[in-house]
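Each in structure tokens, the structures are laid out below.
Note that subunit A is present in both complexes that follow, paired respectively with subunit B and with subunit C.
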Partner chain A sequence: MSTASVPLPAWINYGVIPLLNLILAFFFSGLVVWAIGENPFEALNFLIQGALGRGDAIGFTLFYATSFIFTGLSVAVAFHAGLFNIGSEGQAYVGGLGAALVALSLDHYVPWYVTMPFAIAGAALFGAAWAFIPAWLQAKRGSHIVITTIMFNFIGAALMVYLLVNVFIVPGKMAPETRTFLPGGQLPKLDWLMALFGLKLGPAPFNVSFIIALVMCYLVWLLIWRTKLGYEMRTLGISPTAAVYAGIPYVRTVIIAMLISGGLAGMMSLNAVMGASARLQVEFVAGAGFVGIAVSLMGRSHPVGIILAAILFGILYQGGADLSFEMPNITRDMIVVIQGLVIFFAGALEYMLRPAMVRLYQTARGK
Partner chain B sequence: MSLQSSANEPAIELVGIDKKFGAVHANKNINLSVGKGSIHGIIGENGAGKSTLMSILYGFYHADEGEIRIQGKPVTIRDSQAAIAAGIGMVHQHFMLVENFTVLENVMLGAEGGQLLAKGVAGARKELKRLEKDYGLEVDPDAVIEELPVGNQQRVEILKALYRGAEILILDEPTGVLTPAEADHLFRILQVLRDQGKTIILITHKLREIMAITDTVSVMRRGEMVATRKTAETTVAELAELMVGRRVLLRVEKGDANPGPVLLSVKNLTVKDGRGVTMVDDVSFDVRAGEIVGIAGVAGNGQSELLEALAGIRKPVSGEILIDGKPVESADPALLRQLALAHIPEDRHHMGLVLKFEEYENSILGYHHDPRYGRGAMLDLDAVRKSAEEQIEKYDIRPPNPRLKTANFSGGNQQKIVVAREIERDPKMLLIGQPTRGVDIGAIEFIHRRIIEMRDAGKAVLLVSVELDEIRSLSDRILVMFAGKVVGEKSADADEQTLGLMMAGIAA
Partner chain C sequence: MEYFDTFVSILGSAIRLSIPLLFTALAGLFSERAGIFDIGLEGKMLASAFAAACVAYWTGNAWAGLGAGILVAIIFSLLHGFASITNRGNQIVSGVALNFIAAGLTIVLGTAWFNQGGRTGQVPPEGRFSGIVLPGVEMMRDVPIIGPLYANVISGNNILTYIAFLMVPLSWWVLYRTRFGLRLRAVGENPGAVDTAGISVVWLRYRALIVTGFLAGFAGTYLSIAQSAAFINNMSAGKGYIALAALIFAKWKPVPVMFACLLFGFLDAFANFMQGKSLPMIGEVPVQIFQALPYILTCVLLAGVIGVARPPKAGGVPYTKER
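== the complex of A and B ==
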């Protein structure tokens, strides 16, 4: 009761509160850094410099952010329909198979911009296919989507290792990966975009998938808030009984929402497989699917929020890697702790400061 | 203003209670004194500040100013725990029950009596049996809440307060879901409690209840306590006028029905609920164009399931539903809407509305595929908002803001949103469940008039309500349901006793 139902203006809800949460997260991270005997301000400086200080640093940050935008959108779309898709990781992984198959078949014959639309479709199709079985089980049999998508992450991982080790491996090589795609199967880097800002991309794999991700953000916004399907998904997500009353078909809506969610997760592979490594490798998703859950939570399942949260996590990934290089005391695991604190304060404790803000706001508007 | 409500010393006193929510002045300098061992009614329209006042008393809100005294001693009620400790028990309008717990578990919740449950469970079971026997509130202690009909869930709420040995019992719209028989039953319990020296505060819109049960009554309007009267010295008309601030029409004016051809026909319909229990048992009836058929019955006798089956929400086990003489192929609300059947559901909070949506989004719920709200896959938000604004104006929905979250409208205005949406489609048939539950008196008048207008425009209207007054004043024919069967049909002028006996399954 009490303060929970009091409406706050958007600039507090989406501006002040997330910012305060972030400051809290950094404050406690600073305490952790201080506790192990390093200077937290220096550490913060390394983190920021490492993520945003140079052209290539920004390139890496945005490269990670691109993956997180795709998986964040994937989680958000399912979430709007009341489905908690934990399977973006596996859907992205299998999506990579779709992207790789297109790249391997076309790279000899056509330039990248011809390959790209087919690769988008392939990645989305394979990602969606991997989401279909859990979706069908949820819709028809009531098997909980959280459980089935987690299981499908493992099944997907096993399937991909099998395919890479036994089918796609280049004869005579030890690494379980496909051959390197020719330029016709790669997505070019966005060095021209960086050059506009006077920055040099260097070795960073920031590529065209970023633009695809932004387009997807717009399309997801359109889907959720401007289409009848999005309206049905939101109705189902908020109130299943109202959805029944309104004649919204449960089975169809659940399956379509999950197919879209899986497709978006699958597109994450465009960035990693065709944009960065130019081949399909084992475990290329590297946890981006799970980060997508945090990104979607932090971004309140809204594309704009997701872009911001994805960039934040990109900063933490890239800056964190640099930080652990500069300060060997702060290991990779410490970076995970800091990321955990961000998720904790910005996600799990999202509403902790709300009652105080409501009181402040009421006093300020006041009597 | 603070007329002593009984000769006894006051059990509870409110002195100068004041509460603001931002710009909204919910309670203005409220003074109230309720005598020990009396039943005190508080009436007022939705938004008059009754619920805020009671929330302050129960520790949900804190008053900006003022003092609460219990048995003469000033107390600070920080939270509901403190309220319970001070001997205040609350029965909420919207149930505060854990839906997947049993009755027993819900009653015990927060009063388990130790770390291990076994002893507490045994004690609670015994206590529950005693309460059940003393007050006749029969509920199976091992039934799961979500599987109980709404009427029985209410009984659990009352049992919960009684179980905690409340000395002062606050009931917020307690009879909203009860039938006259059940309400009478509740009133008898309240009288027994009063005679045992307990104090009861009854919040309601219903003047009839105030007159029937209370000793004293206070009227609230726009955050102020405008009057306190001894019930014996006032009249329904005076209270209604105090409440609304103008004279109101208490009876619905309507002419004779002009029944046309049968539009909606039910043949040997049998419906089971989630547990597999037969709730509608071989029911048959017709509804003609231009008539209102009312279904009376005690809550939980199959009316809800019947309505859901007709609306396509619940699949019947056997039997037929015919529209215009043609059998309805499948249980599909979307298909039925296409056949011009509109449905104002019993539960607007969970079914008729998505409370988190903005008002305009709810104004198309179920009709979102209509081409006027956008071609193809897209929604034309401008068109949706425009039609929402038209509905807001025509149905006087307040505040007139289609961008406001639906949860922030009052109960009466929420119901108007549903009524506007369903009636504005100009359906041929209209299913209506509990049209005025939790709706204030001004809105009741408005909604009743719309229903009569629909009838006069030649629509077939099926009305389900547990308010016998409502059934009697609106219906042209009354069907009485008991234990899943239609036990009889009466004309609109049947007297209340006859109907009451039929609803109790005693006479046919």
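== the complex of A and C ==
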């Protein structure tokens, strides 16, 4: 008998199965570590120590997590509308342009809390703008959003390199980056928050963007589950034909969903550009847009799940950096392998364990 | 005459740059025409480049390297099949995942095995595919126009280049003149009909993916042991995505795929040539424009400005048998 139509309780669907998939991903990551002649358990120990062992380690972990929350939300919002936005990477990159323009033009005149709302708007606006053409092509021309967003990642990267090398570069300097923002264009660190828990932040760039990210999580939850637009998006995601039949405007909903998705991705730049480096640099996104895919899949496109998954990936990124220091044989790129395995098991193979779980569940209930 | 020599040298470099695109785009052609989207072309190319470089380094045999490259690309293809055919997972997600696994694993294993920051060892000359001088080059050299073209564009390439161009008519023949090809195209449009005819959709799609892996293996091998003499970190550098763009630009047809790859290869070669030079009337053209042009052209095509690109109808949709 087929098992696809048998309903499973939520705690299995959203708890047990993702957890088992995650364990499988880590099992294979361990195999890789073992294959290159290191002890996987020792590596895991270094990784966790490096990510959570000290105050500044936790600060770095949460700093990475902040970026991943933004990009995870970005992927999730599009996903609810049935759109696969692979372009968060490019949208975040171009979003950085928006944030940097605001910071560069205001940092001489006003304190950071005045700059912040404009920077949020600027980052979101530029990120959304970069999502607009793929959205329009999908909605009006039916060209596949996955393909167009991939193309726009590359176009965005070329554009940003051009701007940084030819327009924003500080005369007389070699590095293609903008000038350093004054404090009025920076987002302050959250050392007081860490101090509440008796931890020292040290040099970690954990900053106010984290709070913005949490607010965005709440707003996305409101949008998806408590507004008409969110309802329309979810309907579209489940069945475009049914949605259109029910009178939900396809073109409008697709474009708005992608604009919100692009805006959230763009906000990731607040953390990296204004919170950490205080300048716009080449390749500052550094794959956070793609991590967003993993985070969204693992978090089942729910804000709470996204926060948890983002922290997990924050641990991997920070701990992985420390691990490569302790075990030079394992490079930082091990994180990329783990990330790939998590996407593979939690995303592509999400249904693999389901039939077995259905059988187990039915036996357990004595059917 | 000087302009002509420059043109010939750009053309030669365009051919060399378009070969990995051509193999990869043809690889994608088979999987996408069978209804399996393959974002993972990039990863297959990278993984097979790594495998080919390792084996060629250890054995000093280029053909063994090619075999390893093909084998690894087929393994990646089968993993994609396991996720997207057998387990009906999302094909895009699976492709993205395999790209990450390839990107990370090549560096992790490369660093552990060779200790050179992700590079493999330098492959000895006999472990590489080097240029073949076609007969008659010396005799033809003095013939104006045709001579330099023959010597620098047509002759002097490695065997994989000639195989790549042979693969174009071969792919066309397989897709349009064999039973397998007919069924493969049918399964990409309407798997239900193929199933009704008593043909296994699953097995057909797996075979298509094996062909994809086979061709992608050539692309990776070309990168690491024909174009260069070692594997370098992330050496595919987005070529898998350009190949994907070429595939779409060519509207999923084998012969146009060749022209699209040559065009994108030419853009790449031209960008290299133009670096730091300025055009009369226009001035210096930023190199980023040429880098972005393949993607921009593909988006323009997708917008329906130059004809309509219609993907295989069942692409991206896992097939579920009626019950």
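Just so it is clear, the second predicted complex is superposed on the first by the 364 of 367 C-alpha atoms of A that agree within 3 Å, B and C clash if a C-alpha of one lies under 4 Å from a C-alpha of the other, contacts with A are read in each partner's own complex, and residues count from 1 in each chain.
Just so it is clear, a residue touches a chain if its C-beta (ideal position, glycine included) is under 8 Å from a C-beta of that chain, and two chains touch if they have at least 3 such contacts.
Computed from a prediction, not measured in an experiment: that's the story for all the values here.
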Superposed model, subunit A: greater residue contact from subunit B or subunit C: C
Subunit B versus subunit C as contact partner of A:Q362, first or second or both or neither: first
Touching partner for A:Y113 - first (subunit B), second (subunit C), both, neither: neither
Contacts of A:G247 with subunit B and subunit C, given as first, second, both or neither: first
Touched partner set for A:F344, first subunit B, second subunit C, both or neither: second
Contacts of A:R226 with subunit B and subunit C, given as first, second, both or neither: first
Partner chain in contact with A:I238 - subunit B first, subunit C second, else both or neither: first
Contact residues common to both interfaces of subunit A (with subunit B and with subunit C): 2
For the subunit A and subunit C complex, residues of the former touching the latter: 2, 4, 32, 35-37, 84, 86, 133, 137, 141, 143-144, 146-148, 150-152, 154-155, 158-159, 161-162, 166, 290, 293, 297, 329-331, 333-341, 343-344, 347-352
Residues on subunit B engaged by subunit A in the complex (per definition of touch): 20-23, 55, 60-61, 311-313, 332-337, 343, 345, 347, 350-357, 361, 364-366, 368-369, 374, 377-379, 381, 405, 407-408
Touching residues (chain side subunit A, partner subunit B) in the complex: 1-2, 5-7, 226-232, 234-235, 238-239, 241-242, 244-249, 362, 365-367
Touching residues on subunit C, where the partner in the complex is subunit A: 37, 39, 79, 82-84, 87-90, 92-94, 96-105, 107-109, 111-113, 118, 238, 241, 244-245, 248, 286, 288-289, 291-292, 295-296, 298-299, 302-304, 309, 311, 316, 320, 323
